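Both complexes shown next keep chain A, but they swap its partner, so chain B is in the first and chain C is in the second.
Now for the complex of A and B:
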């Protein structure tokens, strides 16, 4: 009966499914598909903000290969993934284990750990800049204990490390919530059985908890690697618009912003960098998913 | 099924063709450069972060203009300071640039090149004599004929210094440095006496610093940069000495004007350039610093201090050229610049205004002392930042300067690389 109604509607109004899908399609087309294709097309032109572009073939990509700043950006974005992703896969899981048990007052800790997620990145960035400044709280403490001042915001590597720390600190709560949901589905009997067999806390974590939340770890790995590769705000706020001393902390997305915006922006060249960011991001996702599939098989 | 294929094909075609169509001319149906017609119609006026503090002033100004020219209506838009250039870019590319726009010379240059700024030599040349010569010339673009914005307010400022930090370092707080030699000597002494804990300067040299030091920034034709000459190398070499001695703040390589201002407020650096506006800030945010504030002239080797120029541009595509030109002139004429200058510490760019007793008579306060000194120096001040010097060029110079200071490159290499990068960007600008 239901089937015949559907076929009748289909026969009488052949466009009706499209009408239902139209709002979603329009939004996707205008805000995702069009900008995406536009970027792809611009990557092969010499378009600038106020000057129409001409087709230049692969010239932008050839220029990328010889652009020192592009390689610096690629290096930093990759380092970011290498530094941030393992921390964001493991630390939130440990945090989730800490706050998993329903004991009095635990909601306070869960909320406290989640607070950085809802805080504005600009506010968070400013707070960390104050903390890590040459005369900030951290350096005052280090000076008091005799270590001396450390150039967290003036040394290229420490700056990158500081920005990674901020990203990890800000993301902990978000991934903790995801892990909490996954941990709730781990059967308690498994833990009890392992405990009866004499497994300690560490052993149970490695043989029961980790395998049970493995797919969640893959999800967190995929999400955090994409976020880390596309990092902008943390580095921009801490290293400044120039991308750290001599631009050595510039990431690829910062380079896109710096190259492609403003009245003299090189939209074509910035689009070419964006295409590289897109390709690497997709590759990262595929890599994580493939690793997961291999583990499963 | 055929419908879905057709629809998919159409969607794909739209996605491919639309971006290509964006590669077309940015011109569109333009307005006229003739400003002699009747002053009437609706126009839009965009300012740069002025509504928060001067809402009443601008509403009054607009009401007076509409009263003077019945049949006109001015819609006022104010944009935040952050991302102002990006907002103008988006409007210019989208064909929604307001009729009258508050701009700085470096913003005018690309707009004029894209044919979006009205040539005022043609449309409003009769007003030229109302403005200071240097101010009117500040919106001329090398390689182009014409002037592309009315000069609006000017600003310059002294060099502030912290007297108590000077005293602690054994420097005479009543004899501040007056030349570059004296600044560098004082900075090195400050670093030595405080064991590198107090720096004297918080910023790496910018293009205007090179200009004030007497470096030839561009060739005479304005077609190539030339700040890698011997004088430029000398300045950078001296900054390197400061950096090595920690007389330049270690975070100077990543500093912004805001962050260095904060360093000065907290006593982490001993000197900082500023303007009359800053005195109020010191009073409110750092009363202890205000008690110890020393004020000296901007350091220059050329006899000309640096000035910042704000302008008001008319959109060349406006449909209401007479009204837009009349309003841009109205905002920037002597009467209105003077009344605006009395509301905030800025300086009129109109001829003769700086001779007003408001800018020449002392009343014993620090504010007036700074104002009178600044007004005096503005009469022969220079806007050292070349109008063609884009944000990308600023970053290129800054990065090369940082490499020289860190010792990764010699000052010569760094400036050669910076000039090369800036010239490439200049060529790409067209």
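Now for the complex of A and C:
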């Protein structure tokens, strides 16, 4: 293949790096960074879906303070973090310890435990709506053992608890895999030394395993707390679009979706709620990372 | 440590266990029988909790109209299995059209993510130009933006482009995810540079080096990107819910939500719908497990 000097030089022109990166930069800029900036700007306007907004200063945020629904949303999203995160930090670790040893059939169990991660949240939500139904499997079992039927999906607090359970159930396998990778790096000599010193399984777990996977626990804590605070689908599917009895189960992201979409959507106000979501998300991350550093010192 | 190695045999096992079936752990040491039994019991209990709900849904979907699905104690197996409910789903909502829409969205998402993130990742990892650090920073920042916080602005952007209520609008925001770009960048960075240098000296241009040398070496990461792009698009709920309003354009997840909202009382119907939505992904997972697991490790930052 004969190549002229001109074409050889042209092929080395510095445009091509940008050509490589252009599609990615374009999409990221147009659909992530621009909407991010525009959310920050819109939060200070009274923009609606069909009406361009005017600058209204802090009016949206002042309205938030007096909006009962906002406080309900903030409460529920916060409760969600408090309820879900400890479970998602501890349970997958125990599960990882259970599937760590290479006993016969263990790969089957590992894969089976991961199945809920693969399924769509809509599928998972609807499966649990049917399981926890007034006449569903869980209530049938409860009745069979004599406990009686429980209104998992009709009581405001039980609904929230049920939705938390679903998020934990769906997340177990994912974090289990993360922990498995971390456990593989725990030197086995540490366990042996502890065993020789007469430490039982529980003691070895607390004195060897936990310290060794501590940084992974912090990672899981950070990831799951951000995911929990942004909860939408679980509650939307189980409590319905209006968020359960009198909207008492509404979460912040549900409120964003409800306020900001549709032809009459209040884009400005929904953006103000989004800004709160950003701020709390970042704060949660910093909190978890700081707690981590304090533990270390 | 060698001292410890010597101490270990002193904790000798009872000789009776020597006749037990030889099951060893990853270090070749025998596991005690009672511990093994306990492990399997726990594994089966967790199995019932994680897979049981799917099987119950499958069982419900196969129960005929005359069979009691509310019985107490519950009946786990359908007495007279029938596909009747699956036919009814298709009569109630255009479920196969929705499945096709989901397939289109997921396929497009796979292609754009693989091509776009491989190109951008290569540019970030290998090419030298002014502004490379800024470009990397753009993707890192984008990865940190919580999507749930910008959906309203994404929706108004789509409206401005006239792409709301289209499948293109569903695909676009995530079609080259920043996380995937950074994954590909890391994959390219981990390749030895010498081979590409040799090719450069031999006169291979950027595209030749990219296509013939770098790309074939990162096939594993591309597979991970492809699988997670497929799963992400197939399973996505919030964004399609916001951008699609015309029932004829629904994807499966939105169609299921619609089915549940309209026919909530018909558990057999909803059960059949959920099985249709989840079956393809479970099949995909069964075939390509190791890439799913690898993706968790590589994409743990995704959250």
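Before moving on, here are some points about what is shown:
The criterion applied here is as follows: the second predicted complex is superposed on the first by the 271 of 297 C-alpha atoms of A that agree within 3 Å, B and C clash if a C-alpha of one lies under 4 Å from a C-alpha of the other, contacts with A are read in each partner's own complex, and residues count from 1 in each chain.
In this text, a contact is a pair of C-beta atoms (placed from the backbone, for glycine too) under 8 Å apart; a residue touches a chain by one contact, two chains touch by 3 or more.
Keep in mind that what you see is a predicted model, and the values were worked out from it rather than measured.
Following the overlay on chain A, a clash is recorded for the pair chain B and chain C.
When the two structures are aligned on the shared chain, A:244 is found in touch with chain B, with no touch to chain C.
Within the superposed three-chain model, A:45 lies in touch with chain B and out of touch with chain C [touch as defined at top]. Contact with chain B, but none with chain C, is seen for A:258 once the two complexes are overlaid on the shared chain. In the overlay built on the shared chain, the residue A:123 is in contact with chain C alone; chain B does not reach it. Judged by the touch definition given at the top, the superposed model places A:34 against both chain B and chain C. Once the two complexes are laid over each other on the shared chain, residue contacts for A:288 go to neither chain B nor chain C. Shared-chain residue A:135: touches chain B and chain C both. More residues of chain A lie in touch with C than with the remaining chain of the pair chain B and chain C. Of the two partner chains placed by the overlay, only chain C lies in contact with A:113; chain B stays clear of it. After overlaying the two complexes on the shared chain, residue contacts for A:174 are found with chain C alone; chain B is out of touch.
Taken together, the two complexes place residues 14, 18, 25, 29, 33-34, 38, 42, 49, 133, 135, 240-241, 261, 265 of chain A in contact with chain B and also with chain C. If you check the complex, the residues on chain B that touch chain A are 3-4, 7, 11, 14-16, 18-20, 22-26, 85-86, 88-89, 92-93, 107, 110-111, 113-114, 116, 249-251, 253-256, 259, 266, 268, 390-392, 395, 398-400, 402-403, 406, 408, 425, 428-430. Chain A contributes residues 3, 8, 11-12, 14, 16-18, 20-21, 23-25, 27-36, 38-39, 42, 49, 95, 98-99, 101-104, 106, 109, 111-116, 118-123, 126-131, 133, 135-137, 139-141, 143-144, 169, 172-174, 177-178, 181, 188-189, 192-193, 195-196, 219, 222-224, 226-227, 230, 232-233, 237, 240-241, 253, 256-257, 260-261, 265, 267, 270-271, 274-275, 277-278, 281 to its touches with chain C in the complex. Chain C meets chain A in the complex at residues 1, 4, 7-8, 11, 23, 25-27, 31, 36, 39-40, 42-43, 46-47, 49-51, 53-54, 56-57, 60, 70-74, 112, 115-117, 119-120, 122-124, 127-129, 132, 135, 138-139, 141-142, 145-146, 148-157, 159, 172-176, 178, 181, 203, 205-207, 210, 231, 234-238, 241-242, 252-253, 256-257, 260-261, 267, 270-271, 273-274, 277-278, 281-282, 284-286, 289, 292-293, 296-297, 300, 303. Contacts from chain A toward chain B in the complex involve residues 14-15, 18, 25, 29, 33-34, 37-38, 40-42, 45, 47-54, 133-135, 151, 153-154, 159, 239-242, 244-247, 258-259, 261-266.
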